[in-house]
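Right after this note come the structures.
Here come two complexes built around chain A, the first alongside chain B, the second alongside chain C.
Now for the complex of A and B:
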């Protein structure tokens, strides 16, 4: 029962602090970015039928609900990251209008906290539309993660302006498919922007390790976790990612992973530790070449000086 | 040893060194000795290395010449030619006497320069102390980069010091004092002497010619002051003075200066004239002839004084603008503002004059600070393959190949799934899955490698755990009551919420707070 005491200590503490926080207006914002790459999820459905996109979304919803239940002033946003674009699942544009009927039925049924009910139904409504709205083209099968993160950042900044007492923001990424190398520049820009705005980026990776997300978590101070068991996604989310940054310092959490910060050479894309950098255009090479192929600057290497042999002519005196 | 393409100044045969016969060679930059019969030198010293030379006293049987180097070593040459030993040695000694000072200056100059640099820059001095004195690097390496400019034989003084000019009144400063019995004392300082030499190179020449051969310094200066050259009225030109030549040279110089005129095309001195109204107030009258033949004595002496003053001022200005030249090179001086120059070029090509004019005009009308700042010339960066930067450090791996059929299947599957999506939040996961996840996340679990290996409950004593458990269960019960009041349909529930329950929750909170402080105080 080792986990038990740890778990309920924490929950107890959280409950009491949340009760005590009625008077305070701390606003915590959680933005969840879910990777809904249909190709990966479709193949996953064939690989492991028990854990499909629906299960994943259920887990995400549980996480969102828990976050909103912690404090009345907590805010939530959910973004689905697709192949070509990203959609806001919650808060969605159709909140006011179409989903009214579904709302009433769910809220009156089980006495649920209204905000949670609204959120759940909005998410469910939106995600139904996402695959039908977008079409997948063969050449772009990668998740648009950088774009979704950028949208998340914009959302956070909008909330900043509305709620000036925003204390902490968490951007959480649930990633399924592999990294896309083409999004590198945008991704790094987003990460640095997040760092400047003190936004933590957490990553929960389902399938393969992502170097970019490891860097993101390392730079912004968030947590990176690769889940061994996809079925227990909700448990991992609640355990590791639900507490905000202040509370994380009090908890025993998985240690940070070692991040590979090596650069890749421009010629072969190998990760190198020592290389040659052109002083004009800063491109990295693994071998020396006299002309930089990016900016066409010629470099001279100083050859060792040729030592002239000393001649000896003796002028004999007359 | 360098190649012997240097000039050989003197060769002395039959000179012994270390009991070996050989020949002594004195060359342009070094002195060398080679043993007889061999064609290479065993001893070779550049003149700058030699500190001084010594000769054996005249009475001794052996005629020797010793060279002492800066490093303290000494080399002795024994002139063994029976008949001409003394002569040889004297010849060698004299040549060395002439050559050594030249190179000595160079060596000294280097040392002086080094000392000066060390004194001026305390940082450099500290660096020198740290590195060279403690023998981290050798002195040569230290000075290798810093003495670049010294090795050119520039005798000019360092350019960051301004030269001191000559006071125009230096001659007047030598105020004579009466010596008691009808004599005059003139106090000459080295500064005044230097000013005299700089202003009147003719005097300097006379000085070097006569002193110390025919006249002592004192005599020279006495004669100088006695001569009418010095005095205002230089009327006598026929005396046997050594300075009479100087007077003639001065006159010549003044004439050449006047003829040269002023080169500035913007200034036309000749158009300036005293246009006075003569006596008679402009009424034309026969002007008295101003030919030189009727000049009164007074007029001529006035003219002489004025000429003297002009010449003196011209010389002072010339000396101030003239740089310090090597004494031997006086003949090659071509400073055109010097009144004593031998050749004054009257002829100036007209083209040159026009260019000079435009240059002068531009200088007069333009100010450098008012010009627009010239932007630094930059070179544009020319990138051929800029998409390389966009690629991240993700190595090019073989992507998993998905056929288009796979893609279509996957997309359809998802679309189908999402169309029928209904959240089922009560069946999110099984408890086995959850507990295995928790086990993995606990200290010692799969994911916790490298972190703290001890669970908290092992660190917290059991009585605290028990108390906390009780508190937790009690709070949970209260919360259950709280949530069961929702939705608030009746006024009873409303009252319960606003009055009763809130009180209970506040009590629970304060109870917890008390427990917490008690526990913390116990710890500390």
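Now for the complex of A and C:
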């Protein structure tokens, strides 16, 4: 990062700490989910060699460090979302058991705050292990975000039970590849669970707009932003996503995106405005059909009443 | 309290030796027993699913609250009426969370009469305001089961056949004052396929036992306030649909949310139809949901369009009910010592501290007790299974 960005971030930091409320017992948790789909990042390296996965992770580390430096009691977790699996980059399993042992191996050489140095080295170490741990099956360019978010929620809940003073939780998703349309139901389940636990989900989208994440941010009350310039990822993260929910009311943030809540019909996957819903399985159809294709119930069709023509009495000639 | 009349009552059975539950170990400490009891209480909340049974997803439920003199009794703090209304507010919230396309109405009964507190509606705010206001009402006289059920049935019998018709009665009095034979009304209810359930606050009353047995509902009597809450929450889950309910295709609209700001050129303020309900007077607003058929504006969903009669919902409302239709299998319990591999919970990445862990039957992922509870209560999908595309 250039010296100008450093300076700018420092100024912004000062601004934030001045408007942050200093309550010692409050614990804010930030969980960052990074999309590390290797196929998309590989294609990206050929399209734009200046912005690679390592630059993206630099931005994530800046964000994580800033969050932890804001208040002593803030906590951080970072998850990498791969094609078929998700890995916790920080806190990593090797660190969870023996925290003391790892610290002397990665003691900071430049006088950085101990916790930040540990976090950075853990993230850098684990991300190197990720490609070796999972194999890439197929060449799909979409990511399964629902699984990573589900693991993030479980992690948040555990921390909730350990630290009862937890007041706010932010889940941040940095998404690169496209949506996987098949995971709609699981994704919605995860979103409703997050909404119930008062966890806000923010989304920072690098490439193409994602309808699922727009709905997620709308339902949970988070922010959705599609970044115009990928190189400035760290700046956008710090400007827009670092303040927590109380501070956001005092800032002027990007306006909410228009969310398309129309349903897609099950037969053609078109978005429809008026449709027919099966009362048994709640599947949506665009045209009336006598049998539901999902649950195979036969529907009762209201036939128009047949009116019997009245027999007119023939008048007998007198 | 059960449906079969032959079951022995609690006072007819033998003594329950509660002191035998606690067992001391060699050093005389009760630690193991206490941990076991805590563990069991955590597990109790995981309710078993019905399996492959058709559920009634669109529900019309009337809640009948007894406001007779016995509700002033102070065995529930501060008195029965306040405690009941407070729990009902929580019930209404939870009900609309799990059944977003259903409707609820509230009826009160006192002084041998019954009156509607709120009509059948799909908006939780109205019910909660009415319940909050009802705390101040006086509790006089005797309740009337017949009048309350009659009032509920008058609306329920016009509901379409594919919806479920239910009545939940919260009865604290031991008497009821009816103008006609209630057994005839029970026969009518059975014919109209209305399912009546009762939660008793005092004791078991025979007429309620017959009522619930004939109509297919459940009857429970509370032990204390937390048991009351549990019994209420049992009614939040959609009940199995009766075999004679019809299945049909319901025509619904999915309106777009129009957000407009004053600075846009063609932003036109318009009246919203929901002011007809709230009584605050018409107001001009910029954004809202427009009915796709008649373009009437509404501020919230789900709602039934007053102009053209189309039910308006949004896709997430239907998605909220999907987990009832595809219920999760309960996880298999296995002791931690028998597990091969790492002793880490796949969900929260924490160490497995309890004596048993839970294994998902399809992906063999291991989870701790809290993650298992969270997965079955709120998440409704296994975090490891949803990673594999085969499960989609």
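Criterion: the second predicted complex is superposed on the first by the 255 of 318 C-alpha atoms of A that agree within 3 Å, B and C clash if a C-alpha of one lies under 4 Å from a C-alpha of the other, contacts with A are read in each partner's own complex, and residues count from 1 in each chain.
Here, a residue touches a chain if its C-beta (ideal position, glycine included) is under 8 Å from a C-beta of that chain, and two chains touch if they have at least 3 such contacts.
A quick note: this is a predicted structure, and the numbers were derived from the prediction, not measured.
Residue contacts after overlaying the shared chain place A:276 against chain C, while chain B stays out of touching range.
In the superposition on chain A, A:262 contacts both chain B and chain C. Within the superposed three-chain arrangement, the count of touched residues of chain A is higher for B, of the candidates chain B and chain C. Of the two partner chains, chain B is the only one that A:130 touches; chain C does not reach it.
Once the two complexes are overlaid on the shared chain, A:285 sits against chain C while remaining clear of chain B.
In the overlay built on the shared chain, the residue A:58 is in contact with chain B alone; chain C does not reach it.
Using the contact criterion defined above for the overlaid structures, shared-chain residue A:185 touches chain B and also reaches chain C. With both structures placed on the common chain, the touch criterion links A:222 to neither chain B nor chain C. Of the two partner chains placed around the shared chain by superposition, neither chain B nor chain C is touched by A:243.
Where the contact sets of chain A with chain B and with chain C meet, they give residues 182-185, 188, 260, 262-264, 280-281.
Chain B contributes residues 1-5, 8, 11, 13, 23, 25, 39-40, 381-386, 388-396, 399, 402, 404, 406-407, 409-415, 417-419, 421-425, 427-430, 433-443, 446-452, 455-458, 460, 465, 468-469, 471-472, 475, 479, 486-487, 505, 509, 512 to its touches with chain A in the complex. Against chain B, in their complex, chain A makes its touches with residues 2-3, 5-9, 12, 15-16, 19-20, 36, 38-43, 45-46, 52-55, 57-59, 61-62, 65, 111, 120, 123-124, 127-128, 130-132, 136, 138, 141, 178-179, 181-185, 187-188, 211-212, 225, 228-229, 231-236, 239-240, 252-255, 260, 262-264, 266, 269-271, 280-281, 283, 293-296, 310-317.
The touching residues of chain A, counted against chain C in their complex, run 84-86, 88, 91, 93, 96-97, 144, 146-147, 150-151, 153-155, 157-158, 161, 182-186, 188-193, 196-197, 215, 219, 256, 258-264, 272-282, 284-285, 288-289, 292, 297-300. Residue ranges on chain C touching chain A, taken from their complex, read 54, 57-58, 97, 161-163, 241, 246-257, 259, 292-293, 310, 314-316, 318-323, 325-326, 342, 344-351, 367, 370-371, 374-375, 378-381, 383-384, 386-389, 392.
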